[in-house]
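Sharing a structure, written as structure tokens. Questions coming.
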Amino acid sequence: MRIGIIAIAFSVALGASAAPAAAQNKDPLKIGVLMPTTGVFAVLGERQLKGMRFAVQEFGGSIAGRKIELLHEDTEGNPSVGLQKARKLVGSDKIEIATGIINSAVALAVGPYLSGQKIPLVLSNASTDTLTGDKCDRYVFRASYSSAQITKPIGIWMAKNAPKSIYLLASDYVAPREYIAAFKEGFLAGGGTIVGEAYPPFAKTQDYGPYLAQAKATNPGAIFSVFFAAEALTFVKQYESFGLKKDIPLYGPIGLTPPVLRAAQGASALDVVSPSNYVAELSHKENVDFRAAYMKAYGEEPEEFAVMGYDSMRFILEAVKARNGETADRPGMVSAIEKVSYVGPRGPMKMAANHQATQNVYIVKTVKKGDSVGFDVIDTFANYEDPVQGCKMQ
Amino acid sequence: MLSDPTFLIEQILNSLQFSMLLFLLAIGLSVVFGMMDYLNLSHGTIYMLSAYLAYSIAGISGSYWLALLCAPVAAALIGVSLYYLLLQRVTQHGHLAQVLLTVGVIYFGTEMLRILYGDLPKGVPVPAALEGVARVLGVAYPKYRLFIISVGLVTMGVLYVVLERTRLGALVRAGVDDRVTAETMGIDIAKVFAGVFAIGAYLAGLAGVIAAPVFGVYTGMDVSVIILVLIVVVIGGLGSLAGAIVGSFLIGFADTFGKILLPEFAMVMIYLVMALALVFRPSGLMPARRFMAQG
Amino acid sequence: MASRVFLRRVIGAGLLAAALAGCMLASYFTQDLIAEAAILAVFALSLDFLATCGLVSFGHAGLLGVGAYAFGGLTVLAGYSPGTALAAAVLGGLIVAMAAGVFAVRTTGAFFIMVTLAMAEMFFSWVFRDRTFKGADGMGGVPRLDLSAIGVDLNDASTFAIFVVLLCAAIWLALEFLIVSPFGRTLDAIRQNAGRVSALGGSVFAYRLAAFTISGGIAAFAGAFKVQHTNFLSPDLAGWLASGDVLIAVVIGGIGTLVGGILGAAILVFLKDFLSSHFGHWYLFLGAIFMMVAIGLPRGIVGWVLELRGKRP
């Protein structure tokens, strides 16, 4: 047995033979999961894997009598490694469907290959716009979000509800730049002005002091920032330590103050306004039930990444279920995924024509909740379809 | 913008603060490098380890000051154990074996920390006494950053006195400048070296603790500074206190002002400073005597 | 000396035979790994050749990156044929290495390590940000050489693996002859005592620059095949971790032996794959293995074998 390949087989309880007898294929349903479990993205990868396994569990471990097997490979967040692992999954392990992928670089490398092999891929995190824009692909879906789907709404919203002059500060690589571009589109169209912008080098900037002093010197009404993980921790804490927040409020994607950084950021995370497709505080029944069941299964709270992992797997499993376990007809699988629609922890979910999930985008604010920090949902862009242009589906 | 005095003062303080951290990391590396010609890439791992220790100590005891007291000492002990158990074994095997060994230590140490602490970045709160901002020459500046600057300046002073005015300092300088002669005079260089290694690890540990509240604690924090620190050492010249000080200031200021003045070339700036320094002074700006002839 | 050379060549021939057998017989994925190892081996050869004159670079991935980006950029963005792009990539590697070398080879030892690292980081920072090459996201769709004219389809995994293994063997043989040529002997003399060579009237600078330039050309060649293998161009190729990887491959195999770099590359590629698919925190094992090799076999595996051989009467 290969320990590295996490083959999860939740066997169906004896007697629970509710599986439709019509299914012809009784081979295990092999789903390839490309997820970094080493390197900088490991922390997200582990969470998404949990969310995916939870979805499998929710389906009882099998569909139409076919046992669900997740075959995980570590992409290390590196496109060359990711591509190699995808080839391994297809060539040696004979997967039928694939999911996962945290960073866009890996998605851009792996997507075309899997498409060429007619393996449907449901992305669980990689957010670059082109994946559902000019590089959209019949076999590639995204259950998470595109950059523009998240930051265009906050741009529109801020032009109406926030200071009109903004300074932009974002980590210098493709994804944050893309977030900023979509933000500008929404914000400028709404009549806002941008007084300055700076892009600290990614993973090479320890001190944001020089940038914050520079931003302050332009007297902005607010700062809109895009940083993730360790950079978000450092940035938000330093923002607080310079005493800026009371004069210049901070806005930015939820990556600035995600629940996973709560303990580390402490009170410095307060009063940040963010767009997000999920927060734990959503009160609809599907979310409350999901959280209770997840808590029971793992003894820990699911957050955004676990939920997106869950939704990616759910899109796949719903589609397989709709086809009664028949996965050999790949174009049929593709159209089944296109037709999936359900209300999940994030709210109503369905696929848009460009294969990006249409979903609610929430505007949330970090507030004090007891001893800790939590989110208040202050506005909702309901069923917000991906604004990305340029998809010509082949 | 540079004509605005408050802006300029604030950026000078930022530069100083960063220079001090670089200095604390660079001095140990520089002396170890200078004395034994040992390329210890895992120096940053001690820095990272100490930051994690500070996180644990401050978390359990609730006192940052206890962490400041204990974590660097623990770092020194770990550094010395590491030296006797592993690093010392390849002293004679040249830079490459040292690179392989210390990269092994980096991988191993990083993975151990991931197992023990998980992958999430950790935060260490600023101690209550140093919260908030203070006014310096009319500029509101975080008190904690002023504390970092003071720690750096005090360390420079102490090291100067120790290296230039004490017997221990004389031993170290003798070891760096002419090991063979020092050995024939009956000095146990291996012991002096272990002592130097401990002090270097202590200072790296100190840097880890004081950096933790500002820069956060996460796996990979070592790698993101070690390259800068190596550059400081190379620019300053091996084995000398003055070199480490000059190199740290040069890189600290080049980094901060490079980011403001030439944002598109922020990273290039540092490498350019280094390339220029080495073209004109191939063994660094202020190396210990032994290295002056090189190049 | 002759027996050392002979032994090296025996090891090389053995590796070649094993690789070719693997290409023909092993599974698809193993063929993929063999191709990866062969390309890393070419890269390792370029680094080990440079070590002949006593220089060790910690920024060689920068030169690999030059080849990779030249090849990928010219084929994907400018629409040149892979053949033309390959020639341009090698030429680019030679030119960049020569220009960088004018500054770099003035230093030696740890300073050379640092200068090369800094130069590679400059290149990395540029491709990481520059949007021409899609920055950190990288760029897909890099084509492979089209050898259909001679009936060879490089898009087939097995064929590609055999092809790069043969290329690696050819470069290895060429370098084997180069290091025993008068030029190679002078490089070796510089490594042992640069002062004596310059006292005898040789330009140490010129020889080192020549070695660095040739090494750069080979590294760029490896880069052009690296992107053909993955069909993908990304800044990681030129990052310092990649420089570290190839350096580690050379050290594990045995520096200054040429064939050691090939062996080290193969070990590193297969070891990483084995560890990563069998263990969770596999960097722990990788780190421990590096430490053991550094302490137990500081001259590398081939270096150790040659020493054993040397000790026999």
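Observations
Each chain carries a letter (A, B and C) given by its place in the written order, and its residues are counted from 1.
Convention: contacts are C-beta pairs under 8 Å (C-beta built on N, C-alpha and C of every residue); 3 or more make two chains touch, one makes a residue touch a chain.
Note that the structure is predicted; figures quoted are calculated from it, not measured.
Chain-to-chain contact here is organised exhaustively, every possible pair of chains being in touch.
The interface with the greater number of C-beta contacts, when B-C is set against A-C, is B-C.
Work out the mean CA point of chain A and of chain C, and you get 37 Å between them.
Centroids built from CA atoms put chain C at 32 Å from chain B. Each of residues 201, 204 in chain A touches at least two other chains. Residue positions 125, 281, 283 of chain C each touch two or more of the other chains. Residue positions of chain B touching 2 or more other chains, listed in rising order: 114, 267. Residues of chain C touching chain B in their complex: 56, 58, 103, 106-111, 113-115, 117-119, 121-122, 125-126, 240, 244, 247-248, 250-252, 255, 281, 283-284, 286-291, 293-295, 298-299. Residue ranges on chain A touching chain C, taken from their complex, read 2-5, 37-38, 73-74, 76, 78-80, 83-84, 87-88, 91-92, 104-105, 108-109, 112-113, 128, 172-175, 177, 201-202, 204.
The residues of chain B lying in touch with chain A in their complex are 1, 4, 7, 10-11, 14-15, 17-18, 114, 118-123, 125-126, 132-133, 140, 142, 144-145, 211, 213-218, 220-221, 224-225, 255-257, 259-260, 263, 266-267. Within the complex formed with chain C, the residues of chain B that make contact are 33, 37, 39, 86, 89-90, 93-101, 103-112, 114-115, 227, 230-231, 234, 238, 267-268, 271, 274-275, 278-279, 282-284, 294-295.
Chain C meets chain A in the complex at residues 27-29, 32, 36, 125, 128-129, 131, 134-141, 157, 226, 230-232, 234, 236-237, 276-283.
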